[in-house]
Every structure is written in structure tokens, then in C-alpha cells.
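First the structure, which I've put down as C-alpha cells, then a few questions once you've had a look.
For clarity, chains are labelled A, B, C and D in written order, and residue numbers in each chain start from 1.
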Amino acid sequence: MTLDTVKHAAGTPDVDQPWAELGLKQEEYERVREILGRRPTGAELAMYSVMWSEHCSYKSSKVHLRQFGEKAPETDALLVGIGENAGVVDVGNGYAVTFKVESHNHPSYVEPYQGAATGVGGIVRDIIAMGARPVAVVDPLRFGAADHPDTKRVLPGVVAGIGGYGNCLGLPNIGGEVVFDSCYQGNPLVNAGAIGVMRHEDIHLAKASGAGNKVILYGARTGGDGIGGASILASETFDDSKPSKRPAVQVGDPFQEKLLIECTLEAFAEKLVVGIQDLGAAGLSCATSELASNGSGGMRVELDDVPLRDSTLSPEEILMSESQERMCAVVEPEKVDRFLEICEKWDVTATVIGEVTDGDRLEIFWHGEKIVDVDPRTVAHEGPVYERPYARPEWQDTLQADDAAKLARPANGDELREQVLKLVGSPNQASKSWITSQYDHFVQGNTVLASPEDSGMIRIDAESGLGVALATDGNGRFAKLDPYHGAQLALAESYRNVAATGAKPLAVSDCLNFGSPEDPAVMWQFAEAIRGLADGCQQLGTPVTGGNVSLYNQTGEAAIHPTPVVAVLGVIDDVARRTPVAFAEEGQLLYLLGDTRDELSGSAWAQVIHDHLGGLPPEVDLERERLLAEILISASRDGMIDAAHDLSDGGLVQALVESCLKGGKGARVVIPDGQDPFVTLFSESAGRAVVSVPRSEELRFTDMCGARGLPVTRIGVVDGDVLDVQGQFSIPLSELRTAHEETIPGIFG
Amino acid sequence: MTARIGVITFPGTLDDRDTQRAVRLAGAEAVPLWHKDKDLKQVDAVVLPGGFSYGDYLRAGAISRFSPVMDTVIEQAKAGMPVLGICNGFQVLTETHLLPGAMLRNNHLHFICRDQKLRVENAGTAWTADYTAGQEINIPLKNIDGRYVADERTLDELEAEGRVAFRYLDVNPNGSLRDIAGITNAAGNVVGLMPHPEHAVEPLIGTGRTDGLGFFTSILKKLVNA
Amino acid sequence: MARVVVDVMLKPEILDPQGQAVQRALPRLGFEGISDVRQGKRFELEVEGPVDEPALARIREMAETFLANTVIEDFVVRVDS
Amino acid sequence: MARVVVDVMLKPEILDPQGQAVQRALPRLGFEGISDVRQGKRFELEVEGPVDEPALARIREMAETFLANTVIEDFVVRVDS
């Protein structure tokens, strides 16, 4: 076997290369040849093919994602925006927070435990790479129907994987979502988010500069993980005798990652790091080309120096391996010894594999021969960009015309009662504590709020009480009915959730889960969702700081519901002022904030009672959301409310049940004059929340709402151990508790 | 003069910084100790905090037990130095045989994180003097290998000698024999338990209760009055 | 009653963090000369009735679909003697 | 290079919920006739040098002090052939 060196490639232009097997299109392969002025070597082909994949290059989504930058609202809070491993936001007192949500959907379907575990590992490395200490994780999840046998395989594995990895890493899990819908049957969505905290001066970027600086690879040894593509390359073209039995599944080692966190933070603290990049998708191909591309010079890498777990790996495989728990740092020569010492202290393998050069090429050597010689920008940042055709699907009109107004509604108190119990016990509305109790909420000793609360909240400065809140939301049903407004509803809900805890929403990250971009209908959903989100963020003044796109979530012709998941980060000056959801004080007054309209299309009620999806989602009024948020934040700061719960899926009655059960107190509720009891209880109108107000604060609170023009309606009082809706029905808390809490363990326990 | 309380960090320890904070909140000085050092830096007592040292690979606590620092801890504990093992720290203490029995996978096989009610059965140890015997406290529990087992003879002996220090109330969260949540050695200086007192020391954080602070005030008083 | 043993090990190319952690600890404990450690699972099944070829075939199927996760693990079924 | 296997099983009197969970699931998956399942660990050690009696004695010691916790577990050391 001859090594496919740059020289060899130049002399053998006609060799057949497996570009198609590696997922490149003919034009893309031609472009690589054009860029290089010759055919690529096997190693170069490996790099271009992974870096130009949809996952790494965003080739279908780029043209739309630009709007997040173009429409970005004016803000002083953004320290690092889109384009880095994660965005960074100023939260005051010299602190900066970085956060991001990512998907690990497909791997989690193949191997739920490891897929989900390595999803957490990946997002956490993005946070470390910014210079921050990770302080919490969240996990927005979507599965097929709860009672489908495959869901019993996937869900417990995913939950155990997220817990197994996050718990072992010492990161409190403070929020997330669990949604069941048969559209996710073959395509569960496993999104994972993380937050990190640092001082402003500790921000680090993925960039290699300063000729002579050393490139250090540290963490796990490189094995044959996740390189299906490279084995095609290795076996079919270059060495037919070699078995192409490389695992596509990556196994996580959270213990190794914990060491990686500690040793990286120690190196940051001693100012040893010039640039840093985590190794995720596309492994070394990505890390070396991105570092070099973002930096000022070139880079030279000796691939022989990469520590291997499997000595039989070919250079192509080493470049493509997705072995977990690895990082790449650029370090000044005189600091290398100290860096290696810190790694040694933490028992982390670390090796100098190359250096920054004053040229502008990325050159990679193997056994002394040059096997890669590229302009790193062409690999990392100048990949193909597609303007995929998109078109509003014909069925959209029919779907929107199929309004929930035609569905039979409960006719009396008894029927309402029955439907309330059915709703709060349905898999989507039921308590998820069987899942969340498998996650550590307490580790690090700074958790102020964790699930089930409207948002998770972490104290970041014990002295001042400064804290951050994070909520994630997405409603695929609404987005299916109207992707533009569906995305805005996800944003509005997440924003409202943050405000409900008393934190001021600051910035947004998102994870856009869609079907195949090659389907114009899906592409339309995608374009609409981004337009909606970008417009919404502009209006709310919360910039998108980063995120992730997951396409091809579909089985055959059937795509998942378009599912933009939106994470909103908020800040609170003093966590002592946070507002929980629990109704804990008897005698406090319950107020409903906002307007309730007859909006049941796409609702949880329509799904649970009628298995129906059609019509238009609830109206979006972002100015109202902003006003509601201001009121919730002021009320929390000034001690006017003791509990708050935003209204979303399941409407008012769902919120009441959750707040009552959490606090162990009942409520007496009166349907406002002239209102329809069913609509009052089940409508999913946006821009609403229910709050519990101490009697002493009633006037001050209602005056404030009145003065600012927010509709406020007294709907009852915290009382007893029954949820009593006067003149309609009454349900003991114990019965609600059974309905709400036994569903999930009943299916998965 | 206040007491110096060492908090050991093994690779994979997670609750070391929280434990240091709890020690400080109680008014003592927290001294970080590193697993590779035999030297205990003249501390008056040692806490082995929670976490997943060495990833809990092989068995929880099995690899840490052989750290250099543990040689000294074992020696000093036998000489009477107060030692508290929380969660993973408790697992390490059983692996060293400073405390009898062993910790196994929870009977339901899941990691569990919950507010756990306990009864303080023995208020005479170095770490529980600020509680009263029979007092009920509520502190977080979080583990996957929390099922305490020992043979019948050992269990009977523990009961007879009052060495069951804490018992689970309301729910046995993991199948521990005789609802045992924590135990002490015969001298009362070495105590181990699965739940986490260091996560219940501030009113706002975690469960919002401060029922765990007593562990740290108990030891402080004992050391300062000694 | 016969005992059938099913050994389940991670495939050789799959990372085995547990085995690695054990191996790294050995020299510290004074055990030299072990160049690799892999950790897997061992199941002991008590089988009612004769352990003939059909019974073994069923157990192999059980191992394949349930005891092992063949995405990442290999297994061996054998009768304990 | 020789391979030595160490099997570690919970002592019979110790409750084995993992084994039980497997056993309980079997009938649901259509596997009848398994009256008991125990789940333990299997270690495969690659030994440099000859696996003679002194080497085995060292491995037995390693199993006794490290690979197994003899408060709850029994172990068996054997040379893989």
C-alpha cells in the first residue's frame, strides 16, 4: 500500500476516489479539486467530506441563519456572538455567562444511553472551550408515543445516559422538556444544553495564532469511534484487505471529561492557553482546521504524535475519529511544560502534536510525509452554501382550516372534571419526576430552582446573590400549524418562563430540529421558523447567541413536526427574590394576568381528548409578553408575589394543578363573570401567568398592573386540600396527585 | 483559634467545593487535601466528600481507597481523628473497612435524587452532637449505589452498639438493609452516610432547608472545646 | 437443574472506561505486568429442564436481543460444568 | 501473551436486583424456563510473561484485595484457553 501523499496525489490525478460514499456531491468533489489544483489526498478528502457535511458546514441552513445576525437587537450584553463554540453574555459584576443547546438525535436513537450521554459530553466541552466553568445542564427531549414499545427502549436509555453522564460530571440538571408525539417515533429528539460561568477576562476563543506556538491534544486517546465514513475510505480505496469494522457508536467516559474540565480550568487560571477548541463532530479535522482558519497563521501537525487507543488506525481515520473527551489547546512554547504538568496532575494524557506556523496552510504529516496541504479556511469556513428550494406545502391550508372549534366540548361540571383529570394525567402533561429524579439537582451547591419550576436558576455569586435562569421550550404542534408563529410561541414561552421566576431575559440559544432540507415543504418550515424567531428576538431585544441545527429528522417521507427549541437565558440580581411555582401560603390571592381568548387549536386539550391537530395556533403578541415579563420581574423584586406560574400547554387548569401539588395546598377558583368555564380553564392563549399574592400586597400589585395596562383578574384563593372550581367541580389534591404522578412510572417504571 | 477541617479531592470528586463551603459556613477553616498527598496538613478532622471518584468504575470508592492520602487517613482515623464520609466518601470508608458493610446498586437500579427524611439515631458521634437522638432531619439524597448491606451478624452488632447513626424515614430510597442511611465506628469518630448534609446548609439553595449544618457545627464545637 | 453462563464483553474496538480505570490503578497497587484489562458482565442462568440444542438456541437468542447490546457488545454462551 | 479471567459474583445471600430485573423481564420477552438469574462482573486480564503459579497467586491477591469486595462478592480466577 502506498501512502497517499500530497506529492503522490499530484502525480496521480486519475485515481478513483470514493467521494460519493463519503457523502460529497459531484460538484462538491469538483470544487475540492479546483481549490487544491489537484485531486485531494485520501486524508484531505476525509477532511473535506466531514467538514462539508450538513452537520458541520450548515450548508442548507446558513443562508437563513444569517438573519439572526442581521436582525440582532441592539444590546450591550453580548460579549461573544454567533460563530464561536457558544455565545457569551455579560450578566454584571464582571461575570459572563455562556450557554448553548445542541442536538444528539440520531445517535440516541441507535444507542440511547451512549447517544444521550455523549450529547451531554459534547455540549459541555463547548462551554469549557469558551473559558467557562460549566454550572448546569438542561435536556429538552422528544419521544414517540408514550405507549409505543420502542419508546420503552429509547426513553429509559436516554434518561439514564443523560443522568449517568451529567451526574458523574457534577453538573446539576435544572430543566428541560419531555414531549411525546408519534411524529418522533423513529426520530427522537435528544437536545442538551449547558451553561457556564466565567469572569469577563477569562473568555477564550478557538483560534490559533502566534507562529511557533504549540498545538496540544489532550484528553482521551483516539480510537476508531464514529468513523464509518473513514473506513470506507480506508478499506475501499487504500487498503482492501483491511476490515472496515469501525464502530459508528461513541462511548462516553464522563470521568475523563470531569478531569478535562478541571485541568482545562486550571490551565486557564494560570493563563497558559492562547486558543482552544473542543473535539466534537469531525474530530481533529474540525479542531485543526477551525483553529487554523480562525487564527492568523498556518498550522503544522504531526499525526504520528496523536496518542492512539488502536494502533491500526489509518491517518484518514485518525483525522475523522470522533472519540470523545478530547480538547486541543494552543500554548506558547515556554508554557508547554507547565501545561503538561497540570495535565499530569489530573492524570490526563497530553501530547504536543504540532505548531502554529507563519504560513497560511494547514499541513499534516504522517511518517514524515505530507498528506494534507490545504488552506484551512476552505475546509472550515468556505464550504458549499445551498439555497435550497422551499415552498409552502399544499396541505398547510387544509390543516389550518381544520379548526378545533368543531370539536365537542365538555357540557357540564362533571365532564370538565373528567377532562381535567385526563389532561393532567396524559403523558405530555403528567409529572416528569420519575425522569428528573434520576438527575442530580443539588451538586455544586448553587441550585436555586430546578425542575419542576418555570426555569432553572443557579446562583453564580454567593456574595451578591447574582444568579442566572434558563428555560427551554418548543411546541412542535404549534410550529406544524404555523412555523413562523410557532417559533415565536416557543420563544415567548421560554421568555415568559424566565420572567416568571423573577429573572430578566437577556439572550437566546436555539436548537432547530427539522426533517429533510431536500423536501421543499420542510425547507419552508425551516425558513419560516427562523424568520419568526429572528423577528421575535429583535422585538423582544434578546439576541440569538448561538445554537444548533438538526436536519434529516425523518423516516421515509414523514418528517417530524418542525421543532424549534428555544432557550432563553435570564439574569437576577439577587436569587433571594426568585419566585417559585408552588402555592405555599393559605389565604393568598390568585390572580390571572393577561387575556384569555377562545384558543384551543393545537392545544393539549385537543390532543388528549380528541387526538386532533389543526387550525391556527394562539395569537402572538410580543409587546404583551414583554409587559407581562416586566410586571413579573418587578413584582418579584418588590416582594409583591410569592408564587408565579406561566400558562402554556394545558392552560390555566394545568398551571393551577401543578402549583397546588408542588405547594401541597388546594385552591378555590371562581370563573370570571361572563367567561366560559371550559375556555377559561383549557385555552392556551399566550402572554399569561397566574400569581399568588399576599393579601397585604393586593392593592399595590393590582395598581401596578392597572397603571401599566396589563389585564389582571382575581380568580381565587389558596385554600384547603381540594382544587375547587366553584359551581363546576371539585377534585381532592390526592386524586389529582395520583392522576398526575402515576402515569410516567406506570409506563416506564 | 478555629478548627481546620480537611476536605479531600479525589479525581472525580464532585462535592468538595460545596463541602468546603459548608465547613466555612459553620465557622471552621476548610483545608483542601489532594489524593496524591500523604500529608494531611495538620488538619483536626477530615471529610471525604461525595461524587464519582474514578467514575465509580469497578465499585464506588474501590479505586480511591488506594490513594496515598487514604493511607494516612486510615492511620489517623484509627488513632481517633474525626472522619466523615458523605455518599462517595462513605463508600470509600466501607472499602477501607474503617466502617463495616458495603454499598451496592440501588434496588430499583436508578440514580435517585430526592429530599430524604432521616432520623438521627446516634447523637453521640463526633459529627452529630448538635442533634438530639431521635431528631428528624430532611436533607438531599442522590446516588445510584446507595444500598447498604452487611451480614446479619454485623447488622445485629451495629444495632446493639448503637452504631446505626441515621435511618431512612417514610421511604427507604434504595433497599438499604434495616433502613440504614449511615453508621459510625465503635469509637464514634468515623461516620459515614449516603445523604448529603453539605447540600442543606443555606436557606435558599437546594431544598431550602439547613438541616445539614449540624454536622459541621458539631465537629467544630468538639474540636474547639477539646 | 443446569447452569448456563452468558459472558458479555464490550466489542474490542469500543472504549472500555471501566477496564481502563482498573488497569491504570494496578501499578499503583503494586501489580505489574498486566498489559490490558477489559471489564464485562457475567450472567448465570439456572435453566429448568434439559440444556439441549433448542434450549441453547433460545438462550443465544435471549443474549442477542436482551442480555447484550449488540451495537457495542459481544457475547458468549456456555454451559457451566 | 496469556489471558486470565476473573469472574466476580455477588455472594448468594446478597440480593441481586440486576439479576432479578433480568429474570422478571424474561417471560415478558417470551423466554420461559429460567428459574434464576445472577449478574456479576467478568474481567479479562492480558498478562505479560508466563502465567505460572506465582503469577496466578498474585492475580488471586489482586482479585481478593481489589477486583472483588469480599464482604459481598466471591471470585474465581482462571486461565483462558
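In this section, a residue touches a chain if its C-beta (ideal position, glycine included) is under 8 Å from a C-beta of that chain, and two chains touch if they have at least 3 such contacts.
Just so you know, these numbers come straight off a predicted model, no measurement behind them.
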Between B-D and B-C, more contacting C-beta pairs sit at B-D
For chain B and chain D, let me know how many angstrom lie between their CA-based centres, rounded off.
-> 30
Where the CA atoms of chain C average out and where those of chain D average out, how many Å apart are those spots?
-> 9
In angstrom, rounded to a whole number, how far apart do the mean CA points of chain A and chain D lie?
-> 41
So what's the Cα centroid distance for chain B and chain C, whole Å?
-> 34
Any chance you could list the residues of chain D touching two or more other chains?
-> 66-67
Would you give the residues of chain B that are in contact with at least 2 other chains, written as numbers and ranges?
-> 54-55, 57-58, 66
Could you list the positions in chain A whose residues touch two or more of the other chains?
-> 253, 255-256, 347
Chains that touch, pairwise = A-B, A-C, B-C, B-D, C-D
Given the complex, residues on chain A that touch chain C span 110-111, 114, 220, 223-225, 245-247, 249-251, 253, 255-256, 309-310, 323-324, 347
Which residues of chain B touch chain D in the complex?
-> 58-59, 62, 66, 94-95, 100-102, 104-109, 149-151, 175
Contacts from chain C onto chain A in the complex sit at residues 10-11, 13-17, 20-21, 24, 69, 71-72
Residue ranges of chain B in contact with chain A within the complex = 11-12, 14-15, 17-18, 21-22, 36, 50-52, 54-57, 110-114, 140, 142, 144, 196, 198-199, 202, 204-207
Which residues of chain C touch chain B in the complex?
-> 17-18, 21-22, 25, 28-29, 39
